[in-house]
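Look at the two complexes coming up: subunit A is in both, with subunit B in one and subunit C in the other.
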Partner chain A sequence: MEILGYITLTIFIGLMLATLFGYIRTPVQTVLVLSTVLCLVVGGFFRYFSSGWDAVMLLPNEFLGGIILHPITALLTGLFLAGGLKASGGFEALKVILRYLRKSPIGLVGTLVILINLPVISSLPCGRILAAALLPLLFTFSFEGGMGILTKSQAIVLIGAFTRNAMGSCGPSPIGGVGQIGEGFLGSFFATASEGILRAPQAFSLMLGTAIVALFLKFISQRLYPNDVALRENPFTSGASEREEPEISAPMEGYLALVIFVASLLIAIFQPFGKMPVQTILVAGAVLMVIVCRVRLNSLMEGIILLPVTAMTAGFLAAGALAATGGFDALGIILNSLVGVPFLGIAGMLAIFVQFQTILPLSCARILTAALVPVLYLFGPAKFGFLDWSQLAIVMAAYIINATTSCGPSPLGGGGMMGEGTMRAETGFIKGAYTFASMAIMAPLAAIYMKFLNLSVFQPSDPAFVRDVLTIVQFTLVVVAANVALLALGSRLFGPDQSRNWLLQTGGFIAAGGLAGGILAFALFETNPSAIIQGMVGGMIAAILIGVMAPKVLSRRLTATLSGPEL
Partner chain B sequence: MLTWLMFLFVGAISGLILAWALDMHSPRELAQGAVGGLIAGLLMAAMLPH
Partner chain C sequence: MAKEPGKEIKHTREDTEQPLVLPGIHRYQFFSNLKDRGWTMNLDRVALFGVVAALLATILKPLARGNPATIYCYECRACYATQDRCPVGIFFQAELAVAARVGDYDRFIRNGGLKCIRCGNCQSYCVQYLPLPQMFGAMQEDTREAIRRKLAPRYVLARAMREGLVGKEFIDDVVKALG
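Up next, the complex of A and B:
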């Protein structure tokens, strides 16, 4: 059976890589279904010849038994409720509120900072919902959008940072978020994990990661790809408004829908009326919206974006097929063998593993998360025993935020492409910024936050879990200072030679990856020097794999993609 | 309480960096960015389980 696992794992990874590099040009969901069918057919043949017909008959049960329905139904109901908000003019009401904020003492910049962080605050089950609603508003701040409040560079930073935040906000969502997949597994030990043990570490690191993305776009991306954003500069002046601001109004139903939406979200999170499934609360909220705001059922249904739902379902199908045919066991054995490599060890292997989805970014994070979180779970006490439960929670926090942000830089219809479209940029413009922040900022800080604060919040009775906010502050400041220094240095060293610039960027990735791997190892094994060195080596290997995937030249790459791969 | 503190801290840092990245360099604009970040951090902390 072991050889079967290697074959099905090769089928799965081979098909994913072929899709990522453009050799297969069909939606990734179709490829996942193909992978599922192939794995099951191959598995059926193997079982027939090794154990007979009875073993083949058991295969469908084992395959379907691995599919977890809770995140799928939570996602569907979350999108259902968000559809009601959209249909009743709730997003228009939000725009009106933001306009008032701009005129308040926090001014334009304070409002923009809140706006950029709005996706993670609202934590919808898919970042595309809020991005689709608010990206047109952000575009209006640019000269071409009508208001002309922002310069070209400011508009790029605003749109890029907002999209980054949106395409990570599905992770900490309590209504079908990506993180709930990991929380389900951690529930084996942490009794209250399903209440959101992974939410705070994700939100903490995403807020800071968003800021670093903004700096990366300003210092690096705009210098690396100077001619790849078609957004025009304001010809009148830089910054001051020269045009009339378009009037924004919202119907009363929009405000009511916004209140119902926020109330539903709060009830789902805090459960003030006793324990009940989030799906029930969200459906009740949607029904209330139908009655109070007179939203048609069709409008609510239109809010359901199929991509994340089908991506999640296809991911679970592929994961179920891999589990039933021993694919995960094979992956576990391969990663287990990495542990034996002297300069990698457990820390190095985990430093690579947590970056896996940024190395292989697909259109929706749920696809691979559904497949790989079970593998991560096996590293814990459940099978391999590399990690105890608290260490597993720390790695899970780092893995999930890295995974959940991976739809942003994906060239396979990833959410970041919405931002690139809005800023009129070539595909791949944001990839370096997004992958850098996920790798260098978010994964290590999520691990630190989990270790030094969140574990004690969810297991207060255990004296082993400390509350040391000063250490979190110190690590945050060190990580931010190191990465800001790297970005500033990189921008100073950039010249007219694009190949050299790209090499410099890759060098920066490796340095930041080493730091991230070292911090992750520290979060797991504390001051064990060999583990920290192994973590740094693992982090640098992951960084090389991520850095070389960042495009060197955008226009040529796009042309090459459009004209077809050279097989 | 510590969760609130942490999110106020990260919000302020994030707001400051975002303001700088948006070419808003005057002390008033940087302060506004930090306050915007504080508000964002406060709202985020309010949405989390404690």
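Up next, the complex of A and C:
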């Protein structure tokens, strides 16, 4: 049956690559369903001849098991609530509050920084919940949104950085976040792992990664794709300070809706009334809005965006079919076999493994995480023994943050598409920035944080706490400085030739990938030079795959791919 | 529209006289332009129907099978932290919850569902405190029924016996099914 896994894995990856590169021009849902059907047909044939008709009859149940209801329903309820907030004037109320905040000592920049980091502060189980609610608000900062406070470039950075932060905040979430998949496995050694052993490394690296995304969008993406964002420039930019700001007022219902919205989020996060599903709380909030703010049910329904919901479901179906036919087992075997490749070894293989979900970003991180975390667990003392428990925790931290952020750059219905839509950008505009930050900043910093701080918190035997904190600070400075230097160099070298710019960007990816792989290997094997070299080689291989997938030109190609040739 | 001998009728989507497939739906409205739209509109409709049907099936199946609590599982895998605290050595409790939701006997048996003694140790690790013992218990009864009605494939049962995945309460049923 092993051959079946390789066949279905080839079908899935082949169809995904053909879609990503524009050879198949249908919506992603169609391609994913096609992949599901093909995998099931091939799997059915194999099962019929190997195990009989009874085994074939189990296939529908098995692939339906691939559907993870939680992110789908969480997204729907989040969008539902956002619809209510919009209809009742809640965003107008937020604008008024933001105006007061801008005039406070933290100013406009401080306000925006808080807004950008709000997703990781609130850590909901799906980043789309907050993104659906707040992206329309961020859009209002642009000229077309009405407030006209920010220039086009600033609006791109704000929306892009916020979406990055949101599409990663599902990782550290304590109420059903993706990180809990890894924490569950680590619980077999670290007794208190389920209390959040992966949470702090993820939140730390996500905040710094968000900052790098902002820089990347400013200095690289906007130069690489200069004509692919349809936002208009503020015509009053030159005299913005003299221009009279439009008077903003909000109805009382708006303030009430805002209070209900914030209260719902707080109850969902802190669960003061006992454990209950986040969906229940959000729907209760929406119903309260209907009663208190007199919002029509239609307005709530208008908030629902179907693309991410259907794309996510289709993605789960495809993953379910792949799991049912042994595709993920084949993937695990392939990754395991990389250990024997010269110049890669264990460190190189792990450097590729932790970046795998950024290499193949799907619409929801849970799709691949649920399949690959058990594979990673087997690399530890449970089976293969490549890693001890501490090393496994370090790799898990790097892998999980890379995985949870992978729905951001996914053009297959990923959360980043919500940001691209809000900034009126072509699909793929944010991909380079998001994948770069996940690969070069988040994965290595999460590993370093886990090694030098979190392990000693969860295994309190290390007396050198202050020294370890200082080590993290040093590493963070080195990693961030090296990547900022790469961005600055890239932006200086960029010229009018887009092919050359893209090659420069790919070169930057490779350099940053090598650094990330080397740091991961250091976190695992300390000063073992051959392991560090292997890690760097693995990191560079992953970076080539990630860099090449960042589109060279956008020019409506990917939009046509996703929406059909008629658009 | 009179048919001329030897001349093929070419309907267009706007023809009002073309045959009806369903009330209000013209045959050629959907199928005549397949050569242009086969990769787009019609296929997309079928695919979207598949997506919606699968989603509905995932929600309705556990309701129909009397195991509705499985719908609420986040699949966050926090329950995996049970590890050694599970007296019968089940390591992947979330797999059992998913198997119970969709009625996947193979997955349930493979992950030790028939060994579960419903002690509830895993429940304390669930972020929502879902009634895992009841969920697994309901699925155990479903699986027992499936074994009796020969719906569970023989190779699944044989493997479960070989790997010691069948608890005392189910041994008789499994042995009987294997003949």
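In the analysis below, the second predicted complex is superposed on the first by the 355 of 567 C-alpha atoms of A that agree within 3 Å, B and C clash if a C-alpha of one lies under 4 Å from a C-alpha of the other, contacts with A are read in each partner's own complex, and residues count from 1 in each chain.
Methods note: a contact is a pair of C-beta atoms (placed from the backbone, for glycine too) under 8 Å apart; a residue touches a chain by one contact, two chains touch by 3 or more.
None of these values were measured; they are calculated from a predicted model.
Of the two partner chains placed by the overlay, only subunit B lies in contact with A:Leu208; subunit C stays clear of it. By the touch criterion defined above, A:Thr26 reaches subunit C but does not reach subunit B.
Shared-chain residue A:Leu64: touches subunit C; no touch with subunit B. By the touch criterion defined above, A:Ala485 reaches neither subunit B nor subunit C. When the two complexes are overlaid on their common chain A, residue A:Gly107 makes contact with subunit B while staying clear of subunit C. Applying the stated contact rule after C-alpha superposition, one finds that A:Leu158 touches subunit B and leaves subunit C untouched.
In the superposition on chain A, A:Val466 makes contact with neither subunit B nor subunit C.
By the touch rule above, subunit B contacts subunit A in their complex via residues 2-3, 5-7, 9-11, 13-15, 17-24, 28-29, 32-33, 35-37, 39-41, 43-44, 47-50.
Of all residues in subunit A, only 25-27, 29-30, 32-34, 36-37, 51-52, 54-55, 57-58, 61-62, 64-65, 67-70, 72, 125, 174-178, 180-181, 183-185, 187-188, 193-194, 274-277, 310, 313-314, 317, 366, 370, 373-374, 564-566 touch subunit C in the complex they form.
Remark: subunit C residues 39-41, 43-44, 46-48, 50-52, 54-55, 57-59, 61, 71-84, 91-92, 94, 98-99, 101-107, 125-129, 151-156 touch subunit A in the complex.
Within the complex, the subunit A residues that touch subunit B are 105-114, 116-118, 120-121, 123, 150-151, 153-154, 157-158, 161, 195-196, 199-200, 203-204, 207-208, 210-212, 214-215, 217-218, 239, 265-266, 269-270, 449, 453, 457, 467, 469, 472-473, 476-477, 480, 484.
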